Amino acid sequence: MKYGKYLIISAFLLFTLFPVFWMLKISLTPDRLLFSEGVVMWPSRVTFDHYYAVLVEGSFPDYFLNSFIVSATTAILVTIIASLAGYALSRFQFKGKVALITVLLITQMFPIVMVIAPIYNVLTMINLVDSLTGLILVYTAFNLPFACFLMQTFFDGTPVELEEAAMIDGCSRLEALEKITLPLCLPGIGATLGFVFTAAWSELLFALMFINRQSQMTFPAGIMNFVTKFSVDWGQMAAAMILALIPVCIFFAYIQKFIVQGLTAGALKG
Amino acid sequence: MTKFLTPWYYLAPTILFIFLLVLVPLITGVSYAFYDFDLISGTRDFVGLDQFFRLLQDDKIFSMSLINTLFWTAASLFFQFTFGLMLALILNHGFRGIRLIQPVLFVPWAVPSFLIGLMWVWMFNPVTGPLPYLFEGLGLMEKPENLLSDPDHAMWGPIIANVWFGIPFFAIMLLAARRTIPNEIYEAASIDGVSGLDAFRHITLPLMAPTILITLLVRAIWIANFAEIIIVMTNGGPANSTQIVATYIYDTAYQKMDFGYASVLSIALLILLMIYGLILGRIRRKMTTFL
Amino acid sequence: MIKAAVIFVIAVLGFAGWQAMSDREHDPNNLLIVEVNSSAERTGLLRAQLDRFEEDNPGIRVDVISLSWGQAFEKLSMMIAGGQYPDVIEMPDFWLSRYVSAGQIADMTPYLEQTEFDDDLEANTFSYGSIRGRVYTVPYGYYLRAMLYNKKIFARAGIEKPPLTMDDFYEDAAKISALPGIYGYCHHGGRGGAVFYYWIMTTMNGSNRFFDNEGKSTFYQPGAAKGLTLIRDIYKNGYAPKDSLNWGLNETVSGFYSGTCAMLHQTPDALTSLRKRMDDDDYGSAPMPLGPGGNSFPHLGYIGWSVLEGSSNKAAAFKLVRHLLSRENNRAWAERSGLVPIYKGLSENIFDADGIGAGWLQTTKDPHYQYMINPNYLPDIAEFDSIEVVQSGQAMMLGEQTPEETARAWADFMTAAEKRWEAAE
């Protein structure tokens, strides 16, 4: 029984890591060996050419930078705005609350492909098509509903009493929020930042449709450049993929405990 | 008066963003359903409900893709949930090396979904990937062939990829939910001689039920709408065997450039999801009052 | 904390507002060209040719947007729908009628009437890009189909020559598939595969016409169904990889260079990808196999340059198109992309009679081979080819419907589309 646990964990680890290992293998296999050697666990010769091509010859450092700017700005922006909304949803009873929540929910149910063309028109109108700023605004809007619900759960998890006591002592509502409640919500804020950052980092469809210039491409859109009409540069694509996984994995490894903590705190009362 | 307005101050930025960049485009998108809309020329002719009748009368692919959507969602959800719950309980129990292993197990969640699709396409391909040989070795296949080209089983390809991607989400949600159950309850139960599987059935499961239900509800909607993995892996083929409503909408909008009909399909999907959401919402309310 | 947050939000929104306000007035001397079949190397060549144009025309600047083939159609339509008009776009043959019927493409006829081209310009160059007698696009090169074959695998199967006739094609495929893990034909069953079906149907039917004199589709004729039966049998008997049913262009090419399958129906531009991964001695090309009538009708497609109706400087845009099609530029362009050039005299520079390009060179010269041109003027054809033919083709290969039913369904569609087209005139 004791070993059973480790057996199951090993199975999970194998299932999780094997595809990633396979990509790593492909990224290190020289092009000519990729098909000629058949399916093998490790190529007879290893090359770093693909990594060199991606990092030095291609524009990938730019794509990474763009992706980082977009994801980080979006994450911070969403977390701030959603904190305010989540706070309102958690602390106030007001007319129109149910309607608002319903609208937020419905926006999550509609297929995104249908809004791409209308958004493109909105962005053209405000001169923000083909720009990272436009992408940030769109990502912010689309990540808000989920982030609002998330922040609401976290606020639900913090006691109202402390806040009310502070307000009786003469703090304004905002002061009470800043001094009492927000510090308690830090894991929740970390969780929201993490959710939004990963979502923005991996988003492809909007990035592909709204960005034309190479200089403004994010990493997922840039990676599609490896697919030309006749061939896919698998080696380079795999290398880019492995490189892209590194920052997001480090970030995610760091914040995942906040997510669990934050959600636990939120769910305790909710 | 100020009291009445206060919550809206906090909500204003959210509402502004959602109104301008989600709601307005969404309503524009919905309005396409009543037009014969051509993106390239920009012409739109009002056709009323004609396109809805077309959906109800003669669209075989829609009914087919609806069944596929059900299968895709149910199977993905079932395995994501089962394995996610298993993982959550083990993680909650703790083991040596957990600090290092837990983040690793959550990695798939951070991988962009189209890359997940590409990754698994490679895994399933007999020329480049190991899986056909594994399936052959397990006696599931006579010859090492590509699962994705077999119309009877192709859907399992994207489902496996989706399960890989979705386990961490459930594990995180359920781990958090499990941590909210105070240990005292288990201690008290074990004094009464209840432990192991019985404790799981009578304590863990009922107390986690609300979280489980809400997570399932939200996730089901999300999966039903989740087309990227399928588009990358099979593009709905072979012969529509992996066509779900979401991929069908994508095809209709961007391959046929028929935004009007794509919008009709989206509305149909939206209505079905809303009905489903209402039913699950009811069940949840009943269960929580019951417990 | 709240203060910092408020400052951050205001800063981001302020920046967005500043960007939105900033004037991006379009300068008519600043041309925008969109390429849709981009690759890093080709974009470099295009840029060099544009630099020359800028030198020759002081005051004019040309910017390039490079779209990747997979999403190009969606993105371009969206740009145009959003009111962002490029001046010149790269136009594949099967998109043309969609754009022309939407009124987005400028009529080049008056301009071309005043322009000189070298005498050996392929005779049909202007008519290929015409609709109802007006020229809307000028091809920059031809995507002609030939059969690539893997010499090593052929030798292993004991076959000396590439297939000459349809019977050879079938038998060779069968012999090769007897080798373990190798298949005869790299079937293109996914998106883009329609032209293969059309080739095998017309070639088995003995005529490269799509419609008879009454405007009825020739796919009603028994030869067409015979063609479909042939490819269905190749697939059903395991002479093509099972997953080739879903293959797009990419997968057929990688199936070929990985040695999974030994014959590939392709255009010469695929060679640029193949050369990187295979040795020149290991494969060759041959004309498409001959049908029972002693002829074969390989598909001839083209991509060209079009000027948009919404361009703010059409005169300069036409001039740019002419510049890109000059003999010197066309030669470099066709060489780089591996296309059949639009000037006949250039073909031999590009396809070596003894080398890998032999099959294409022979197709252009030997009268047994006549081109099959898709009815690209029909506005519905692109959608039909890319969706309907793929889906029903897959259903046929899987045995869900017979070749006869399939041919009839396609004929019904084609006939109706042709009728609509004639009625609209």
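Order as written gives the chain letters A, B and C; numbering starts at 1 within each chain.
In this section, a residue touches a chain if its C-beta (ideal position, glycine included) is under 8 Å from a C-beta of that chain, and two chains touch if they have at least 3 such contacts.
It should be emphasised that the depicted structure is a prediction, and the values quoted were computed from it without experimental measurement.
Chains A-B form the pair joined by the most contacting C-beta pairs. When every chain is reduced to the mean of its CA atoms, the largest separation from chain A belongs to C. Mean C-alpha positions place chain A and chain C at a centre distance of 37 Å.
With centres taken as mean Cα positions, chain B sits 17 Å from chain A. Of all residues in chain A, those that touch two or more other chains are 34-35, 81, 117, 121, 137. For chain B, residues touching at least two other chains, in rising order: 13, 39, 126-128, 254.
For chain C, the set of residues that touch two or more other chains comprises 9, 74, 78, 81, 254, 258. Residues 31-32, 34-36, 73, 76-77, 80-81, 83, 116-117, 120-121, 123-124, 126-129, 131, 133-134, 136-137, 174, 177-178, 182, 208-209, 212-214, 224-225, 227-232 of chain A touch chain C in their complex. Residues 4, 6-8, 10-11, 13-15, 17-18, 20-26, 28-30, 32, 39, 83, 86-87, 90, 93, 95, 101-115, 118-120, 122-123, 126-130, 133, 164, 167, 172-173, 175-177, 179-180, 211, 218, 221-222, 225, 227-228, 246, 249-250, 253-254, 259, 262-263, 266, 269-270, 273-274, 277 of chain B touch chain A in their complex. Against chain C, in their complex, chain B makes its touches with residues 13, 38-43, 125-128, 145-146, 148-151, 234-235, 237-240, 251, 254-257. Residues of chain C touching chain A in their complex: 1-2, 5, 8-9, 12, 15-16, 19-22, 24, 37-40, 65-71, 74-75, 78-79, 81-84, 249-250, 253-254, 257-259, 269-270, 272-273, 276-277. Only residues 5-6, 8-9, 12-13, 15-17, 19-20, 22-23, 26, 34-35, 38-39, 81-82, 84-85, 87-89, 91-92, 94, 97, 100, 103-115, 117-119, 121-122, 137-138, 140-142, 144-145, 148, 173, 198, 201-205, 220, 223, 234, 237, 241, 244-245, 248-249, 251-253, 256, 259-260, 262-264, 266-268 of chain A touch chain B when the two sit together in their complex.
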